[in-house]
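Same chain, two partners: chain A is paired with chain B first, then with chain C.
Right, the complex of A and B next:
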């Protein structure tokens, strides 16, 4: 019995909030609690989920990567652009992911070697990457028809959409990297105690660059998944996701201050944001009100979390 | 004279100043129409909103905090003001309400920043503000405002746009407040060493809150001016300014760790950003390519600035 209690206590506070919000929406709309709606929520959450996994790695190093959304948009644009030039879709996907790894590495080099705050370095990169996407598309969406999108977005495996499986694979990958590899220990060390890391003979700069490159890799995958959802290359499709990903990461209990937390909590954070959006639509709240409501709920959730942490320290 | 040069050399914004001068020289060479007096006035007019926003934000950065909500706050308050004026409220009263709203927003931001990392707290309020702006406007656009109001945005006193005069007044007030008063010294002291400031008996929470209030009041004024200049209000009108404002302050040499820099540097930063955009427009650079140039400039300036002064690990 005590064991269960301990386990419940270990869940991030956001999971309780999640239950509360689901309860409110189920009372407000009878259509809410249905299997098909939950399947919808999972599909809607997938691209942001993957981006949030990337952001979690960066937040663990006490940084934020504001270029992640731009990288996702860029990947969708790049794949379609190459496809229109005759490059096979899968080859294009690999090229796009390699390019986002490159963008991530450049971010890492600027942050680690240039000693610039991650927030400002990646903001600059966000502008640069957005610009490239806009130039490639002349500012509008570009299309390339293919069955691959439908396969990823609509077919299922064991009743679960393929897209969600991809997110699950990314989750497992990030989890294993963070928990079971030396690189993962170093990521956490970068946020926790950088001095100890360099005393142990590990280069903080090299690991920081690797972390940003890793985040770029994940953002590239998010780009591929997003392309399958929107079936076009859109230069601004993921703008703002980087911030939602930060919010989800913090909601999930990863701390910006001390290198604590992990990707498991982030899942709850992303689900919270997606469930609020989805619920507001189903209940029929006018879209005019939605931004303010979502923002307030995210703010309140982060605040409660922070207050609980401050209390427990005292 | 040599003492004066020495002082400029030591100041945080020395490299920004060199950057600005270099930029002006290059611009005059590559774009002949850059050099005209008309274009200079245009640049000042284009810079004024950014100047007001970024001078206010400087106060927040000096304490080592961050306010990402300035863009949305400007949009929100601009919308409120337009709505009030459209429904017959006298202009001065609408203006005062706008400023009070700014103070309230700043107070909320400052309070939240005491609990959360300010960067996160104000991103969330940014979201809420832009949502509130949409609610105020009910999804529509307000246009055709009274002449007396739009004069603030498009009018001239002599050869100088009213806009530029307002911006100059605000910049000077903030400069004096932050550089020449006890309050200003407290802001710097808090930013360079919060712990020490606390033990020397300064009301540190009040200082932090007050800088957020200054910042949001400036955002409010900027929002009302944007409305006057556009002769219209639209919920999204402040969005483009949010991170640009941060960029202007940082390019101007104000440290994001607090305690270093000032309004003088910010003016340089805002002018650099505005001139770059102005020259790109003169040369007909595609608007899609412009963010790239701005992004490269932000990174380059900050790299240059930080690495010429300190080799300290910084993130």
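Right, the complex of A and C next:
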């Protein structure tokens, strides 16, 4: 019994907020509490979920990667662009993911070796990558017909869409890396105490570069998943996701200081953002108000967290 | 006692503006606890860091088991079995105890993943050997108390199976019980033939564990003696003794009326406990004590940096509330902080801008600034304080420590506070600049300013102060007037000798 209490306490405050919001929407709309809607929410949440896992790794190192959204868009564009040139879809996917790993590595090198603030370095990268995507597509969406998209987006395994399974796999991968590998230990150390890493003979710079490359790898996967959902290469499809991913990460209890947190909380953060959006649509709130409402929720959640922290200090 | 395992010969290490180590010899035998003592800044930590490979010496050699050591970082030292338990913790807050102990030496399962179970078992065994089995090895170290973190740090050092361990003030965060179990652990390590370098201020600990003592002062080795071959008084003498009559010149002046008084000041962190002091106009009041005695924290309470938990502050006899530095400035209080690089200066900005930075409102009562006026002020300061620079537009980061400190002083002179607190005003600067700063303090006092001087250098406190308060573990433990104190007396009060019963309640 005590054990359960402990576990409940360990849940980030955002999970309670999640329940509250679901309750509010179910009262506001009779259509809300249905299995199909929840399936919908999961599918809607998937691409952002994957990006947020990548962002969580970066936030753990006290950074933010503002190029993640651009990397996702770029991956969708690259795959379609290559397919139109005759490259098989799967080969194109691998190439796209390799390229996002490369982009991530460059981010990491600039941050680690150039001692540039992460948000500045990655903001520069965001613009560069966006330009490349726009050049490849002449500024509009590009198409390449295939059944692969539908398979990933619509077929299910054990009643759960394949896309959601992919997100789950990415989650397991990141969780295992953070908890069960040396690399993951070093990610937590990068945010917590770089001096301790150096003293133990670990190179902070090398691990920082690896972390950004890892985030690029995950963003590449998010790009593949996004392509399957939108069925086209869109140069701006994921613009702004990097910020939503930061918000979700912080909502999930990962802190920009001390390497505190992890990917489990991020799931709740992403669900919160997605559920609010979905609910506002169902209830019929005009889209001009939606952003303001989501922004307020993010601020309130983070403020609550900050207040709890200040209280516990005193 | 066994053979010599580590020898350092003629070690010299120069930092910009000061010689941290000057031709120092040091040796360590297997199965020995060699205590390193000296004032703050005497070169103890620098010597330890040279042995660990964290610093590269400019001259001299270190030999380990007969071989000349060429370390390119602490990693090499670890590989050789030379480890350190640092004063500042080197733990990652959100990794658990076991993960911290085995950082970069994680046990792996057959699949290549981290073997938490094995690491946790070994961590448990290590902690048990330190009588700390109550520490949960699965807990993130962030959740542990400072003392527990210190024990984890020690367990981590032991896990390297070291030949030489350097302890840098390991008991400063421990309770008596924990300190005792640390000592018994050190005695055990000694029996196993490990050489131990023990850096500490706490003289009462020395006879419990030490074999030999080496005293450093101003980067020079003063003596190496057997633990039973000297008294505490002799040790203090060696640590602080030097001719103080030349450097410190004080003019006699009246102390007319009270400028600042605190009544039972305490802070939230428990570092200042019921501190009551009085500072009169025209008086220099020294606050002596070890690093961590609460001196800086007391200054920060008076200057409004940290909130006051209880107690009162009076300026010119009127009770005031200092809620913030802005507030303190309004009451005419200034603070020359101990860390001029972080808190005293905008390092990347010019001398000129720094000199006016606290008194902008005073110099420019209207909204806009006037460059000409800034430059005039700065030029005056540079001349008056003899700041060695080619231009007032030079960024402060290019100045030497002494000249940087003069810029900080210039900043406050322009503001013209009635009460000025100097926190370690001469740290890391050469003797010439020190003397000029002393002279300036004397002048300020003669002008009727009330001055508080916090310093770890006893001769300086004794040489400059009209009155001295001694702080020990957050409390004012003694007060004495000029002429009534001797170096030895204050030295032993600082170390808590004769204070009684205040250690780590």
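Quick note on the criterion: the second predicted complex is superposed on the first by the 314 of 314 C-alpha atoms of A that agree within 3 Å, B and C clash if a C-alpha of one lies under 4 Å from a C-alpha of the other, contacts with A are read in each partner's own complex, and residues count from 1 in each chain.
Rule of thumb we're sticking to: a residue touches a chain if its C-beta (ideal position, glycine included) is under 8 Å from a C-beta of that chain, and two chains touch if they have at least 3 such contacts.
The structure presented is a predicted model; accordingly, all values stated were derived computationally and were not measured.
A.B. asks: Quick check for you: in the superposed arrangement, does A:201 touch first (chain B), second (chain C), both or neither?
C.D. replies: In the superposition, A:201 contacts chain C only.
A.B. asks: Mind working out whether A:114 is in touch with chain B, chain C, both or neither, as first, second, both or neither?
C.D. replies: first
A.B. asks: By the touch definition at the top of the document, which applies to A:288: first (chain B), second (chain C), both, or neither?
C.D. replies: Only chain B; A:288 stays clear of chain C.
A.B. asks: Does the superposition put A:34 against chain B (first), chain C (second), both, or neither?
C.D. replies: A:34 contacts neither chain B nor chain C.
A.B. asks: Looking at chain A, does chain B or chain C touch a larger number of its residues?
C.D. replies: Ranking chain B and chain C by residues of chain A touched puts B first.
A.B. asks: Based on the superposed arrangement, let me know which partner A:140 touches: chain B (first), chain C (second), both, or neither?
C.D. replies: In the superposition, A:140 contacts neither chain B nor chain C.
A.B. asks: Is A:123 touching anything from chain B or chain C once the two structures are fitted on A? First, second, both or neither.
C.D. replies: first
A.B. asks: Which chain A residues contact chain B in one complex and chain C in the other?
C.D. replies: none
A.B. asks: Which chain A residues qualify as touching chain B in the complex?
C.D. replies: Against chain B, chain A makes touches at 61-64, 110-111, 114-121, 123-128, 130-132, 134-135, 138-139, 194, 204, 243, 246-247, 250, 256-257, 288-296, 298-299, 302-303, 306-307, 310.
A.B. asks: Taking the touch rule as given, give the residues of chain A at its contact with chain C in the complex, in rising order.
C.D. replies: For this pair, the touching residues of chain A are 176, 179-182, 185, 188-189, 191-193, 195-202, 258-261, 314.
A.B. asks: Which of the residues in chain C come into contact with chain A in the complex?
C.D. replies: So the residues of chain C touching chain A come out as 73-75, 78, 89-95, 99-100, 103-106, 112-114, 116, 142, 268.
A.B. asks: Show me the residue ranges of chain B that touch chain A in the complex, using the header's touch definition.
C.D. replies: Touching chain A: residues 66, 112, 115-117, 119-121, 123-128, 130-132, 134-135, 138-139, 243, 246-247, 250, 256, 286, 288-296, 298-299, 302-303, 306-307, 310-315 of chain B.
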